[in-house]
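Note that the chains take the letters A, B and C in the order they are written out, and that residue 1 is the start of every chain.
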């Protein structure tokens, strides 16, 4: 394999890794703090991808507007869903809330199918041109995706160190104790939901120019996010990060050699990893509330 | 109160058995589909008996369905395809869940989701399974020269499947194994303390469920005479969970049946556009999750039954 | 004869050393009281013996067999039962059903026979029920046998916890704070029962904060502080042991009431 091809595959892998990292971080955050397994996590990405399409193609506005709108829009949606649905289902248990998100995902996906049919919406390339370093080439559009995802991930890291982020971590550890420390769990929860969905939103905005927007992308990316969580360890943010890039790169190389069988290969590898390190690379097996 | 249950049971049984006499063929077809989904819902209920939400239903459903479709294409008798599909499901379940069960609930969730998604993908990708178009033209099952080729006969066959499923589950629920299961759901910690091997008992539950889910798949395929990947997709599987929740999962047997009935029958009569149906069902489930967490039977248990009990007893003549 | 031997048992949760180098022997037929200030490691010790926790060092030997790394349910099957500090019950099941669960271990017939509800299975069931009723009677819960366990008042819930442990027919019974939260009458009844349990041939280790109870019922006492044993002996000796007093009160005096 030529060096150029190798790097192409690698870049693709890192690009998808960055996307998965955003989605998986959001999923982990929601799972850890609110103890809700947000099944619709991938679907927020899908909505954002369509929104990006609408903003850039239909409205003709610049790309960066779409990115910001995606983040804010999905964050807002997350907050609404928290108050509208989750706040109520939380008192009925973990599984209840998770199921609610499952069916929310169904509504979003079906709604998308009904509205947009099965056609993929493609977007124009955001940044034309290709970077060149010796023999290695990488399209700027893909580097942009990597760039934005890294920026957001770093921002997230610092956010978690600020007061709000720390409150989230405290609530994740033990929400009763946290409320005794003066942290309002309800406030932390909706903010977590907003951040989690916002992250998916950005992921959708950055992935849209490369892969377009189509109705099933939510489930597809969610299934990858699940694998990331398995590999990185449930409830571990750094694990999600490591796992995401690992899965992204693995998937990319597997696709090169095996086409659409790559998912199966990744699955088998993850299964093997689970046998030897059930807690994932960095995390520990996370007990559900009540265990 | 114990007067109500046998009475309801008798009525339901009567209606079910005599249905072909007065139902339209269309209605019968829906009833048969209901039987199918009821089997899936029952299997989910079985899993909830040990506190395991089975998001992997679609996988085994598909395995059973495809096993039957493929084997019958090669002339194998339907009745042999049932244990074939069942066995494959049980073996793979065992392999996958031996990794997951000792690692805890979240691991179980994720593994079951992943396996269902994986199978969805596999069903569509393999050409010997007919690719995304699936396998059509699956013949009707036969016993010697008797063919189950009319709607009536298939309906009764479906009813038989449901009855056998319920009988087997009941045998488990009322046995020491069932009591161990209840203990595990109630307090896994205490169950372990009294000598219950939690992992092993859960595995037994899973394997039994997988077998019967595959059997349901086998039946589905001869009912519709086709095995199509979209039917066995992960999302479709997850929707069957809706049935149990609408019905109420505290009743492992009545809940799924009621739920399957409501979800399958009623929308047909409301005749909404096919594409809107999943959205409406999903919305209803979310409503129930929010406001009626114990499902419709939960409303019965908590609201209606106590009121009936509070009424003065009828006079005995 | 040593029933349970603990050698150099240690347990740490990350940086927190819950137990360090604990040595302990429990003789057959005795009532051993385990006391120590809060956080000394007593419940951790129980959790290690029953296999709920995995220790970070040391050995646990029961009836001559090394059970250090055995799973909880296997340890239960070998004859060690316990009651819990927090109340773990099968909340939605009746008191009778709860205790019958305890008999679960003893009443195995074989899965096929179980499912077919054969005569043998049903007989086992009847026997289990009979045993359960005897134990319920013994613990004074007969009137409540058909009530859901979750609706019982606190004191009765604790008695039920002990009943469930008894139903396992253990050789060694570990009681974690059996009288905490009970009024003096209930407490006295429990103490009487503990004596009766020992007379039936079981060995008992109990953890309790109520000093008068522990001192009154135990043959021997072991004092744990900060994860290791600091004293052991008869109750009278322990009461006046200066190290023990210091561990509890931080100054000289005598131990009358905890």
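FYI, a contact is a pair of C-beta atoms (placed from the backbone, for glycine too) under 8 Å apart; a residue touches a chain by one contact, two chains touch by 3 or more.
Predicted model only: the values in this text are computed from it and were never measured.
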Fewest hops from chain A to chain C - one hop per pair of touching chains: 2
Chain occupying the most central position, where position means C-alpha average: B
A-B against B-C, pair bridged by the larger set of C-beta contacts: A-B
Euclidean distance of C-alpha centroids - chain A vs chain C, Å: 48
Distance from chain B to chain A - Cα centre to Cα centre, in angstrom: 32
Distance from chain C to chain B - Cα centre to Cα centre, in angstrom: 42
Touching residues on chain B, where the partner in the complex is chain C: 171-172, 174-177, 179-180, 182-183, 186-187, 189-198
Residues of chain B defined as touching chain A within the complex: 53, 96, 99-100, 102-107, 109-111, 113-114, 117-118, 121-122, 125, 188, 234-235, 238-239, 241-242, 245, 275-276, 278-279, 282-283, 285-286, 289-291, 293
Complex contacts: residues of chain A adjacent to chain B: 37, 85, 88-89, 92-93, 95-100, 102-104, 106-107, 109-111, 113-114, 219, 223, 226-227, 229-230, 234, 260-261, 263-264, 267, 270-271, 274-275, 278-279, 285-288, 291
Residue numbers on chain C that touch chain B, as the complex places them: 50, 52, 71-74, 76-77, 81-82, 84, 88-93, 97, 100-102, 104-105, 107-109, 111, 114-117, 121, 124-125, 164-165, 167-168
